[in-house]
Amino acid sequence: MSEKPEKLIDKKGLRLDGRRSDELRPIKIEVGVLSNADGSAYIEHGNNKILAAAFGPREMHPKHLTLPDRMVLRCRYHMAPFSVQERKSPAPSRREIELSKVIREALEPAVFVEYYPRTGVDIFIEVLQADGGTRCASITAAALALADAGIPMRDLVAACAAGKVGDTVVLDLMDIEDKVGSADVPVAIMPNLNAVTLLQMDGILTSEEFEAAVNLAIEGCKKIYAMQKEALKARYMAVKQEEEVEE
Amino acid sequence: MSEKPEKLIDKKGLRLDGRRSDELRPIKIEVGVLSNADGSAYIEHGNNKILAAAFGPREMHPKHLTLPDRMVLRCRYHMAPFSVQERKSPAPSRREIELSKVIREALEPAVFVEYYPRTGVDIFIEVLQADGGTRCASITAAALALADAGIPMRDLVAACAAGKVGDTVVLDLMDIEDKVGSADVPVAIMPNLNAVTLLQMDGILTSEEFEAAVNLAIEGCKKIYAMQKEALKARYMAVKQEEEVEE
Amino acid sequence: MSEKPEKLIDKKGLRLDGRRSDELRPIKIEVGVLSNADGSAYIEHGNNKILAAAFGPREMHPKHLTLPDRMVLRCRYHMAPFSVQERKSPAPSRREIELSKVIREALEPAVFVEYYPRTGVDIFIEVLQADGGTRCASITAAALALADAGIPMRDLVAACAAGKVGDTVVLDLMDIEDKVGSADVPVAIMPNLNAVTLLQMDGILTSEEFEAAVNLAIEGCKKIYAMQKEALKARYMAVKQEEEVEE
Amino acid sequence: MSSLITRVRLKQIANLIEKGKRLDGRGLGDYREIKIQQGIIEKAEGSARVLLGKTEVLVGVKIETGEPFPDTPNEGVLTVNAELVPLASPSFEAGPPDENSIELARVVDRGIRESKALDSEKLVIVPGKRVFVVFVDIYVLNHDGNLIDASALAAVAALRNTKMPNYEIENDEVKIKQGYTQLPMRAYPITVTLGKINGKLIVDPWLEEEEAIDSRISLAINDEGNICAIQKGGVGYFTPQQILEAARIAKEKAAELRKKVDW
Amino acid sequence: MSSLITRVRLKQIANLIEKGKRLDGRGLGDYREIKIQQGIIEKAEGSARVLLGKTEVLVGVKIETGEPFPDTPNEGVLTVNAELVPLASPSFEAGPPDENSIELARVVDRGIRESKALDSEKLVIVPGKRVFVVFVDIYVLNHDGNLIDASALAAVAALRNTKMPNYEIENDEVKIKQGYTQLPMRAYPITVTLGKINGKLIVDPWLEEEEAIDSRISLAINDEGNICAIQKGGVGYFTPQQILEAARIAKEKAAELRKKVDW
Amino acid sequence: MSSLITRVRLKQIANLIEKGKRLDGRGLGDYREIKIQQGIIEKAEGSARVLLGKTEVLVGVKIETGEPFPDTPNEGVLTVNAELVPLASPSFEAGPPDENSIELARVVDRGIRESKALDSEKLVIVPGKRVFVVFVDIYVLNHDGNLIDASALAAVAALRNTKMPNYEIENDEVKIKQGYTQLPMRAYPITVTLGKINGKLIVDPWLEEEEAIDSRISLAINDEGNICAIQKGGVGYFTPQQILEAARIAKEKAAELRKKVDW
């Protein structure tokens, strides 16, 4: 239903929402938002609205999936039926199954899975509203949910896409840029370890453009990483305050 | 395909099938009709034709559903594809899943579940022909199947609906009254315990009408309860006779 | 899309592909074609192209299906989506589920199931291209896969159909003969034991025609049996050679 | 599954049969008592209940309109489905059809289809576009063995009892009118199942015999005594001689049943 | 499920209630604090988030066009679905809807449907052919008890907040135009759930109380104070007197909530 | 999963690779032997079988007509599906597609789609109404590692081999005519997968190496040497430098394979 705009970048180099090519969308993060989960986080990344929760380490069901020498990480990325233009059936789509896998593989390098053998950790991600870049925002939130649950981690994981719109390599594509643009490169990193844990690409890029996009995405991830740490700190302060009040 | 009749109650206060407002449809009950079930009953309630069977107490599958301190009751309410106007797919519908739950919750208060810990009892209900009020007739039959299986019970459960047709509160709605009428209140009771174990309502009723409907339904249940006891007695006599013949 | 031919048998008694009534289609068999299976075979029977593999005897999953006194045989007959004219959904159809059962029951009489209690053997059959008679060609290949896996057997099982085309009883119907013909009688035998392990029939046959068809099919099976033994021998020689080279 | 006690029982069954006798007193070629009731589900377009000894099967027929299959634009559609409902036996489980219920439905379907029992060209409303779809739903209510014969009998009895709605075509749309006509049928196949125990053939095995037999063979026989469908089942085998013998017995028994049943 | 520690806790809850008190300080007839936010999912045609204490439910409404049901050619279609998403509680599992989520959806559906909340005749585009389909998706985000009341409230709040696309019919095809109109509604039912513990009725049970109660009853009350849907749940029972008492309380509480909620 | 013996083996694999060697004698940047056979499934509109060492993949292409997606009324439809059939590996199970087969299908799909390999506007029969639907079914017959590259190669080879039926439009209906034309293609992407072990990159990992690597990266390279799709997999990571290095190697290898393959 949304019509194709004439130009995604104007003469001044600004994008439809007024951003420069290397600018992130507004991001709001809150940690510890759900009372029943062991850890949780909520992110608004542009118009994306996403909840992530972590349960565990806990006993696994079914038991035969348990591993003797490590924790098993499971992940479900799921979109609410009302999160997108056309109502989505609540049954998991092939896209959701693939994304659940790549998101899990983006988070697992950060987790000390060997600390809790024979246990499981479940990560549940619910996209309440989608606007391009949900997998990256999901990773950003899920990493915080894991940290909030007290799962021992090497580093947080921060995620952000870069891509190509018209002839320009730009940061953090929103929905319309993703659909009309010519390439999208979602990236997740553990900033302190210089480690890329998610990398996908759609579209066509030369080697040079690809290098530029990866570097730009990494810069974006680093900015998001700073916000993640702020959000964790805010959560920590809130918990501390609560405890002091209780005492 | 069935056309909407002009009037559900005539000038004399009689309904389409000639019943008075407080009159039940003809009911026929037989206990012990299936040779493989531990207990069974068949009911014809108006044009409803329903078979119920109970299996157990027995080992449960899957085992992890077993409870250490009580028996687990399971119930499946299911309609034959040919039981209704338009052929029904044999896969359980959302309506059948909900009814399975409320029927189980209507029967369970009558069962001494603590007598047989770590076991399960399965109740299977098959609606062979439906004509309004299948959930009530199912409960009436299933309670007898449980009793026939020798499951220890506080009381039988008898069920019957009342409702509102035009301006009148009436007993035991048949299909057409249910569809065209303005409210339906299915009720199940354990008569000796003055206990309502099923209560649902569709439609709009004032508090006064609701009270009248509940009371009328309870009267209906009591009449059905008498028939249940007759049917159990007949079954008992038949079994006794059989045993005497065998000796 | 394929049009109905005018005559399936010409004046000389020859069929559309030039065969006589008692002639098999060209058959090519190869044993030991898959490196990951414990046993495997590939058959081209006319235009049918079928792979069969056997895994086991091995531990069964789920474990509760294990039998204390015998091996459990399981079988999945499955058609590739591209094996037939109209693309077939990869989900198992009712036809595939029935054929999996009759094929398993055609093979099981040949297996000494009591030799390996508490184990399971899985037979997987993939029809890569179908042209009439896939169940028989599948049995022929699957029996070889079992033998190649070293499962102890009373005899091989060879399978072939006979049927009626026009007024003639003919051997080994191809797709078009199966569809337009008036009867199809697939048969599987253990030749050394004079034992029929698969028998089905579609169409209408008099008792006399039925007897003729069964006898003709058995003759066909015996010819296929000879080819099976050749293929096993070739496999044995190849393995031996390989071993000698390795030494 | 088979406990020690059952093994003794199975042995006993086999021993008796070797002597030409059966546990329930029948001869090897005898059917159990058969009762057929038609039209008992008034809401269905056709129905029949068959009691074969204690085995009880209810078949309901529903008729709807739908599209024909692309390759048979001038024929109505027949759909046979079987439900082994869990109240019929502790061995039946609720859930989607398993291989046993699928085989049962398909064997009954083949008997009807291959004997051309339905005059399916008379089920066409608008060629290539609109036809009657005949749903035959087999509902097994009590399982005491030989579900195939009981179900096949109930299916044909229900179809005989089936009424098609009258219709007219108005502005390219099918309108259902008052009244009914009989479903057009041309054949009434009867299916006979035999079991094999220690080389002996028995007719109409009941539940305990089914556990004792190593294989079974079911033959659908049409009105002329010809064979129109066969299904061998079980993990044993038959010799070619036994198969021809089974075919002979089936033909004989089908003729016998055909006289007996009053449908 | 219920460990030894929980049993002590359950006992404590029951004892308090017998004295007319509750663990969280509420009176037996008190609701927890209620917060309603509307329009928070901009991409949905309507949405509302309800906080009932710590219980959190998000409802999104999507509107599409589709065919009406054959038996109601002159009415739009309402579809209510509930997802107990696994992040809301360790007791929820990913997968197809279970009996709890189906019951939740159907109870909310009945409250809306039976009170005739939607003016569904105004949802018709071309009678018998094309109507608006209203999808109400209940998304439970945090489960702290009494999901029925929170979901029913969120569903009605989301519907109040829903905008229908404008359209025109051009060459028999529906074209969506610029702009929106409010979804046509006629009633705003409120559902009140009561639990029974040791013969006492409590309003709005929270999670731990839900484990202590032996049965619950939910009543949907329309704007006139009449009852438009009831669902009894749980493995216990009510006396007829308790039911009438519950109906009286529900009517009172619904009126009270109706004044309080600002939607 | 990984037993003690396997751990020794995994260690051995890793040690060798650190020295620039591989267990099967290949260099770190070498592919296994590749064989491609086209047209082996005569009933399919296109087919190809690829042997990559012992890894064996069969791809069949079927062409049907259907409706276009509403948002791309002027394009044909491409559907890629992958079956990890259980005869290919003891680790594959029968059943609906799991995350591995879905990822495989979607990665192959993206390589084809993003390189604009199919000239999908030429697949339109009646704009907005009727288009050709191209089903690409990936059938893994033997799993010896690197299923992505083998499947991507087989898919493109099968598409190159695919013939579309001729048709004409008569009274608004599509009639299939005699004869075929080649499926219209514009690009032939080649996918190169690299694994990472102890910081080293290896090309075309085989089964045992796949268990030893901590992550893999697959890059689809188009005819001009540009990247058109990437998928990182596995529970490890890459440094940014390793990613650029992988991109460089993939471009080189794709050019090399492009010369070698004869399709």
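We call the chains A, B, C, D, E and F, going by the order they appear; numbering starts again at 1 in every chain.
One rule holds for everything that comes next: contacts are C-beta pairs under 8 Å (C-beta built on N, C-alpha and C of every residue); 3 or more make two chains touch, one makes a residue touch a chain.
Values in this document were obtained by computation on a predicted structure and should not be read as measured data.
*Asks:* Hey, which chain ends up farthest from subunit D, C-alpha centres compared?
*Replies:* A
*Asks:* Comparing each of B-D, C-D or B-E with A-E, which pair has over half of its contact pairs in common by residue number?
*Replies:* Equivalent contacts to A-E are found in B-D.
*Asks:* Report, in whole Å, the distance between the mean C-alpha point of subunit C and the mean C-alpha point of subunit F.
*Replies:* 31
*Asks:* If you average the CA atoms of subunit A and of subunit C, how far apart do the two points sit, in angstrom?
*Replies:* 52
*Asks:* Would you mind pulling out the distance in Å between where the CA atoms of subunit D average out and where those of subunit E do?
*Replies:* So the centre of subunit D lies 48 Å away from the centre of subunit E.
*Asks:* Provide the C-alpha centroid distance between subunit B and subunit F, rounded to the nearest whole angstrom.
*Replies:* Taking the mean C-alpha position of each chain, the two centres sit 58 Å apart.
*Asks:* At least two partner chains per residue is the criterion; list those residues in subunit D.
*Replies:* 97 - these are the residues of subunit D that touch more than one other chain.
*Asks:* By residue number and range, which residues of subunit B touch two or more other chains?
*Replies:* In subunit B, nothing touches at least two other chains.
*Asks:* Take each protein chain as a node, join two nodes whenever their chains touch, and name the resulting shape: line, ring, star, complete or other.
*Replies:* Graph shape, chains as nodes and touching pairs as edges: a ring.
*Asks:* Given the touch rule defined above, the chains close into a ring; going from subunit A first to subunit E, what order do they follow?
*Replies:* Counting round from subunit A, the next being subunit E, yields A, E, B, D, C, F.
*Asks:* Please name which positions on subunit D make contact with subunit C in the complex.
*Replies:* 1, 97, 99, 102-103, 105-106, 110, 114-115, 215, 217, 222, 225-240, 243-244, 247-248, 251
*Asks:* Which residues, counting only subunit C, touch subunit F once they are in their complex?
*Replies:* Contacts found on subunit C: 1, 34-37, 40, 47, 49, 51-53, 55, 58, 76, 78, 80-87, 90-91, 122, 124, 126, 128-131.
*Asks:* How about subunit A: which of its residues touch subunit F in the complex?
*Replies:* 67, 94-95, 97-98, 100-102, 105, 108-109, 185, 190, 193-207, 210-211, 214-215, 218
*Asks:* Going by the contact rule set out above, which residues of subunit F touch subunit C in the complex?
*Replies:* 40-44, 47, 54, 56, 58, 60-62, 64, 81, 83, 85-90, 94, 96, 135, 137, 139, 141-144, 176
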